[in-house]
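Across the two complexes that follow, chain A remains constant while its partner is chain B and subsequently chain C.
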Partner chain A sequence: MEDYKFLFKVVLVGNAGVGKTCLVRRFTQGLFPPGQGATIGVDFMIKTVEVDGEKVKLQIWDTAGQERFRSITQSYYRSAHALILVYDISCQPTFDCLPDWLREIEEYASSKVLRILVGNKIDREDREIPVHVGEDFASRHNMYFLETSAKEADNVEKLFMKIAEDLMQQARSKDLLRYDKDTANITGKTSVITDSNCCSRLT
Partner chain B sequence: MSFDKSKIDKALFEKQNELQKELDRLKLKDEEFVKELQHLTLQTEYIDGKIKSLSKVIPVLKTIRNEAQELISTISDLSELSEKINEKVKPLEIARCRVDECQKRVSDLVDIELSSQGVQTAIINEDYEEGAGHVHRFLLIDQSLLQRTASEAENLSSVRKAVQTLQDAASQLRTIIKHKFDEAVHNEDLGSVERFFKIFPLLGMHEEGITKFCNYLCMKLEVTSQKNLKTALNTTVADKRFNIVYADTMTLLFEGIARIVDIHHPLIETYYGPGHLLSALSILQQECDKQTKLILLEFNKHRQLTRRLNQISEINKMSNSSSFSKLEKIDPKDLDLLIHEVTIMHSRAELYFKFVRRKVTMDIEIGYPNKEEQVQKLYKLDMVISTSDLNQTKIDLLSKYLQLEHYFMEESINKAVNMDTLEPGQNTSSMVDDTFFIIRKCIRRATATGSLDGICAVVNNACGVLENDFCGVLRNRLRQGYPTGYLDLTQAYNVLQTSLQQGRLQSGDTEQARTAFVVALNNTSVSIEYVETLCDTTLSDVGQALPNITSNEKGKLESCLSGLSSVITNLREIVEYGMQQLRVSAIKPRISPWVDAFLNINHQLTEDELSEYEAGDTFMNTLISNLNSLLFTFKESLTSSNYDVLVGVVAAEVSSRLEKVILKTTFNRLGGLILDKEIRSLAAYLTTTTSWSIRDKFARLTQIATVLNLEKVSEISDYWGNESSLTWRLTPTELRSIMSLRYLTTFKKSALIFIND
Partner chain C sequence: MKAASAPSYRMPEPAFTLRTTVSYIEKKRKRRVAKEIVTGCCGCCNALRPRYKRLVDNIFPVNPQDGLVKSNMEKLTFYSLSSPEKLDRIGEYFYQKASRDIYRRRHGFVIIAMEAMDQLLVACHAQTLNLFVESYLKMVQKLLESTEPKLQILATQSFVKFANIEEDTPSYHRRYDFFVSKFSAMCHSNEDRPYMRNQIRLAGIQGLEAVVRKTVSDDLVENIWEPVHMDKIVPSLLFNMQESGFHMKEVGSVEAAPEDELDPPTLAESCLRELVGKASFGHIKAVLKPVLRHFDLHELWCPNQFAVHTFRIIIFSIQAQYSYTVVESLMAHLDENSKSSPEIRTSIADVLSKIIAIAAGESVGPSVLEIINSLLCHLRDSVKNGINQAEEKQYQDALINALGEFANHLPDYQKIEIMMFIMSKIPFPPKVNQTPADNLLQSILLKSLLKVGTKYQTIHFNTTFPVSFLEPLLRMSLAPDPEMRLLVQKILHTLIDRHNNLEKLSKATVLVSDLDLVLEKSSRPDLIFINKHGPVIYDALYTSLQIETNSVENIEAIYTTVSLLCVELASAEVVIDIIQLLLGIQNLAITNTSLSASQAYNLHVLVISVFELICVVFDLPSLQKYANKIIAARRKQDHFLLPEMLSHYPDNHYPNPKEPFVYLEQTAICDILREDGLDPSRLSQTSPYGAGGPGAIAGTSQRHSWSETNARGSVVDIGTTQDVDSESSSPGVQKKLPEEKLTFEHMKRVLTEPPEARKEAEAEKREELNNFFRTATLAEIMQRTKPKHEDLQTKLQEIFKSLSSSEVHRSPTHQKKVEQEIPVYEQNFPEMFAY
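Entry: the complex of A and B
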């Protein structure tokens, strides 16, 4: 049995080439792989972080941006606790596609999912989308907003830690709720909020 | 005075003693000296002898020293000499090497002479193998060295001429061989094709040979593939393989390429050396891409894949926009064969790439011992594969497969739910078996594609369908509740039982609703087992189908499968919900009056009344027989695990109700005795009805009975207090109020101070 108290699934989506894989690599391995090929299907990484002295396991799903992998990547939305929607601040088309991505999230993800908008590549000189435009979009759609650079490791740690903290808070309040409900039951069975049961049973 | 004298005497005496002692010591020392002297005198002789013998050795040592010096000088002389010799030998060795080189060059020159003569004759005689052999021999010679030789030895004009001849012959041969090869290809003369193919490397035309040969093979491939496709198009519906005929055509294409590789790879390796398979395959891959495209074109046209996919996405859109459809749904059954064919196509492409990767990697590892070069070549192989049209096609096929499979799974389960039937004598209805059969089938099919991403996606989709649709259906059915109606429950059961036996269920709405409720409850708990099994079998199936997956990939799969465990959590909550429904509507209203009868019974009995009570129908006998008939109504209709849960619910309900009525009653000693006995028999009865332990549910009740059954109030101190091994479920306040139930008759109020908080 691994030593963690919470397990959260974080899914990254967004157009091809906006730097999803680089963000994940930077966070999980601390490196910036240059000349990264396009992701095939879905990649899977794990990193355990500590929030308020509790071990939190983040299961990060890095999806392929290309259209042809959509039917694979869509299947991961439903069980996601957090969805990171990434665009490239130096590439207008990746920003223009955001409404399409939101539609997709709307259709497949849980309504309670934590949604974060991320403008990546702030190390680049040729910015096309000003910060306030990204901010506006995020606030209009009820999302968190952050600009990052996977290359310079700017805000990457902050992004994932913020997600971990938020999800933990969410889980704790839900935990309390469940506890109240359970005491009313005569059997008094406590239900587990993390869905790691199966995993730990299999390994 | 006399005292003084004696003192002086004593002092004198002491002095004398001291002197005597000193004298003795000196005497002893004197003796020792004498002994030592004697010993030394004895040794003198021995030492003299030694000195004499030593003086004899001295001259010998002198000789040895002289001789040693002589030896040293000899040795140094020798070493000098050998160094001198060595200096002389070195140039000799160099000279010898030069001679060897010269010899080789001369023999090369001789060879060139011979070759230049031979090559002409060979060309004239059309003996290209020999001609190429001569050229090959010529090409093996270091060309720059040859140039130097020719210019140095100016008088040897014949050499220069020979070189010229050979160079001319080489280019002549190259043209001839190319031409001859093309001719052979044109005439479809396989023997000649292979013959000239073998000559290319002799003329240093490796790449050209491979390219030409592979182009020829591609031509062959095209012909065969076109023929296969034509046969496929002419296949009749009656044919057994009609439904997978395009997958078969694709398989034939891949097998054809594999056969080409298997047959010609040894040929290439023998005549061209290892490491050439990559270039050969990248040429073949182009033809493969071309042919797959043609096959898929026909496939799309005849199976109407695109149209069906559009239809599906249309249906999905409609169902989301709640304006539910006039749109005709596709029967999932109609898609079954198509999905099957797509699966086969994908898995064949996967297998083909695996084969190519294995073969070429092996060839590269042998052909390029240099690690850096190897990595570079392997990267090139990756590029050839990943940029090939077939790879794109493979990805598209998987994507289409997933869309079709998702629709198939959702709609089939939908159908299974709509066509739900209850077979007589069964605890569960058909939708459970059907649903899990469908899901298992879909996951198996995904496993057959050979793509882990595909498997994971189908598992994810299955989790979604189970959690949203399937669980929703079960929850809704339980939400209807368990109707009690006006009928007595036993009666209701009997009706239900007969209707089940006769296979008709129209005997009334209430009974139907009851059956539906119980069946839904059973369905849910059986589903939990099914999901667990599904998880295990999927893991082992995938392990078998993809034995080489990395630990990261395994983690990916397990993480997706963990989605199933949240389905289990969901199902458990539904069972719990159903049981609560049952408790509220069917258990509690029945049990309460039965237990409340306790209040009508006198618990302050005399001995006579006691025997009279025990002779008749006791309260507990009645209760147990009532409970028995209540449980019996469910025993047959519930699954055993649900029945166990139900017994637990009944036990909890009875014990809490009983506790309430006990607190409303007063007891004397005999009343307490009866109560204790009755509770024991109740616990014993309920224990026999289930495989689970329910004693725990009676812990409080048993303790209450024990307290009320005490002979004397002081006995409580045997149970209560720190020394006691009993774990009390009752608080001190509760204990006090229970004891006060007998206080009125037996215990004095003051006695209750035994119990401290």
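Entry: the complex of A and C
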């Protein structure tokens, strides 16, 4: 039994193999999946969390990293409230691709989207990207930054909670309130934000 | 599950009973439903009599395996029908129960709840449906959000049923965004168990199909054509289709899948058909764009079976009047791929050629020329890209193929339009600094023209060859590039040949009766045509034969053209004209020292072959006897004077001009023609190509003036310029006596101006025109020359008038020339200028 006051859409992007699916599974199911196949197209998970005593539902869209699914994955950017851009701290090429990903985000996502840079797999010994390099990149591009390990469950909870908090803050800002009134007018109901339509219009 | 309280069979209780239960509800709330959604502060608590909850609770069995309690379900249905205002609360309650059951993984109850909601949905009256739909959809979404494939599939099936219900007043704030997103994700399921994966994908496709059906008729509910939806739906369908590989099978071997066994590819395909079929003009692009993008990203152009398969589906499903949009989009996509490998472009062009025919039937007016124009532009770009690459050439062939396929399915009148349009795009005359790319472009455009020409079936020559088409074509038949000249002849062949004689006349032969030619008496319009335009055509052929770069193919092609003209336009007049032409050609072979030995031989072979053809076609027994004598003599004295045409002859072997009895003789022919009942008087007049018989060079200069005033004079200044150009760019074109290149402009000056002034002005004018023609488009040239032509007629008249009134002032030579030419002008000019 659950209900929620806020619904936010979170989309994960980044090269194939950086651990997007593992991050999502760790967060939504509390497990580190052994050898699952690569994501194709998009995958979908849901998790409801509590922020300041309010239920917040996170719709998490996990995308395939491969180029060939780009057209379908990009179509999910637009309605995203938050975009998590993931790279693998033990794999330089996944970091080198970040500018390309940013370009795509610029092109297809809302300009107001919350952007988070995540360096995953910090449990690994063979780090190639120092923390400060990731941090620098994030601050240069006006993103949050966090390093995680889906395997060890490091910072995964924190990552999504941070997003939920931040989006809730945003949602409580004036823009949203004005929007709520509109909803009330259309539906003739209360100002409870319950379904996806309100949020897709937020963007 | 809580025990079912005693069912009440009474109809809705009066209001006071409701009030008495409020406290009971409050308690219940605190105890069990504390987390229920707060539906607002409207103060409607007094309506919350739990009867509906009890009715809902009662449909659930103790054991989920037992399924829905049917009798209680009937009670619930009856209740909700009689109290439709309760529907939203019933729905909400179901939703809450199901949410809880999902959370506790009691899937059996979830399934029962969904089933009950389905039944209520169907039972509801249209007007009251809206009250229920909101919570119903929340329920479906809830199930779709679960990680359990079974529930996702169940929810989809329920949604499909919902989509089939017609709603009177759809709720305009309802959004299907989540459903499209989720169903698309399901279409890409990567579930480990193959069977389950298939089921989830199948459900995803069915869900998408349902959303489309639900929304397509009403943009206000949800504009399903928005890119945000189409960019999900279309790739999801294609992704499932491409996995099947059934498009790879041979066309004949495609076995229809068993009807009841739905598989994702088949379903995705039918869904795509439906989607495309429903798209209106404004929406078609929204479907096509993601299709093209998908093919790019999934690298599905090479090999292109799947692309062809998909685009066939699209073009067959699309509303016919929009089919050209598909062509347009593919062409725009070629543009976008201008930097891609030629293989990819070839594949796209090939797809285009495979569907363009279907579009052609529906294309009208400007869209036709747009498509042609776009194809020509791509050809031009390809030429710029690379001249020597084999791959690029394949791409060009694919484009030309597409062009041909397209033209093939247009009505004939449009084919002529297209041919003229292509003609207008051919850069001609050649530039002074013509590059190989320019040459290639010209010949590629001519190839396109040829392709369209082969799809066209001539009925009357005057419709096939409007002057504005014939005239530039003949000009191009004199192009410096032998390849191009050959193409022009081939275009003439396909357009002239109406009785499938082309194949039979492709090789010079004197065994005409073996050819089994198909003959038909020519019609009056045809004879009028050849009377009008014959001289220009013959002259172009004659002039073309003088070009030193001619290969045996060039000469043989001209043989074919002349032969086809004979066969298609049989008349007494044509006989005389062609014999005259043959005598001219023979003279050329004998006297023109700049021709090679093999060219001279080839010309002689051409002459005797056509001559023999005339005898057979026109049934002239005496003339045939004469022809046979010559053939016999040739066989004895120099068999190289007989077919076939060779490209090499033994060293130091030349036709001997002194040899008796092996050449046609004008006087002999005149006599014999009379025997066969033809009037040879025109033949005995001075030939436009020279005096006729061997060694009679005297008439050559006259022939030139004739030819200039006809073939080239007809375009006046264009002709002059072309001569200048061809002199500088191609030494092959014979221009021995520049003074003789007379146009009427010139003639008038000759007659009126002092020689010095004339020369100066002429040089100036040529310079100016040269510049003009180097830069102007053909359309501009036409524009420019058009008024001139009209002027010319007036000028001519003036000249003739002044000639007859003041002959005294003319020198004898001028006078003679003009007098001879008068009939020719009169005969030929008016039409030549009728653009």
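Basically, the second predicted complex is superposed on the first by the 173 of 203 C-alpha atoms of A that agree within 3 Å, B and C clash if a C-alpha of one lies under 4 Å from a C-alpha of the other, contacts with A are read in each partner's own complex, and residues count from 1 in each chain.
What we mean here is this: a residue touches a chain if its C-beta (ideal position, glycine included) is under 8 Å from a C-beta of that chain, and two chains touch if they have at least 3 such contacts.
What you see is a predicted model; the values in this text were computed from it and never measured.
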item: Which of chain B and chain C A:D3 touches, first, second, both or neither; value: second
item: Which superposed partner A:T39 touches (first chain B, second chain C, both, neither); value: second
item: Per-residue touch tally on chain A - higher for chain B or for chain C; value: C
item: Partner chain in contact with A:R70 - chain B first, chain C second, else both or neither; value: both
item: Touching partner for A:S111 - first (chain B), second (chain C), both, neither; value: neither
item: First (chain B), second (chain C), both or neither touched by A:N142; value: neither
item: Chain C-contacting residues of chain A that also contact chain B; value: 37, 40-42, 44, 46, 59, 68-72, 75-76, 78-79, 186-187, 189, 192, 195-197
item: List of chain A residues in touch with chain C within their complex; value: 1-3, 29, 36-46, 59, 61, 64, 67-72, 74-76, 78-79, 183, 186-187, 189-190, 192, 194-197, 200
item: Chain C residues touching chain A - in the complex, by the definition given at the top; value: 35-41, 96, 99-100, 103, 138, 141, 145, 147, 172-175, 177-178, 181-182, 184-185, 187-188, 190, 192, 227-228, 231-232, 235-236, 239, 290, 293-294, 297-299
item: Residue ranges of chain B touching chain A (in the complex, touch as defined); value: 320, 386, 392, 395-396, 398-400, 402-403, 406, 451, 453-454, 456-458, 460-461, 463-464, 535, 539, 552-553, 555-556, 558-559, 561-566, 568-569, 572-573, 576, 580, 583, 648-649, 652
item: Touching residues on chain A, where the partner in the complex is chain B; value: 9, 37, 40-42, 44, 46, 59, 68-72, 75-76, 78-79, 107, 185-187, 189, 191-192, 195-199, 201-203
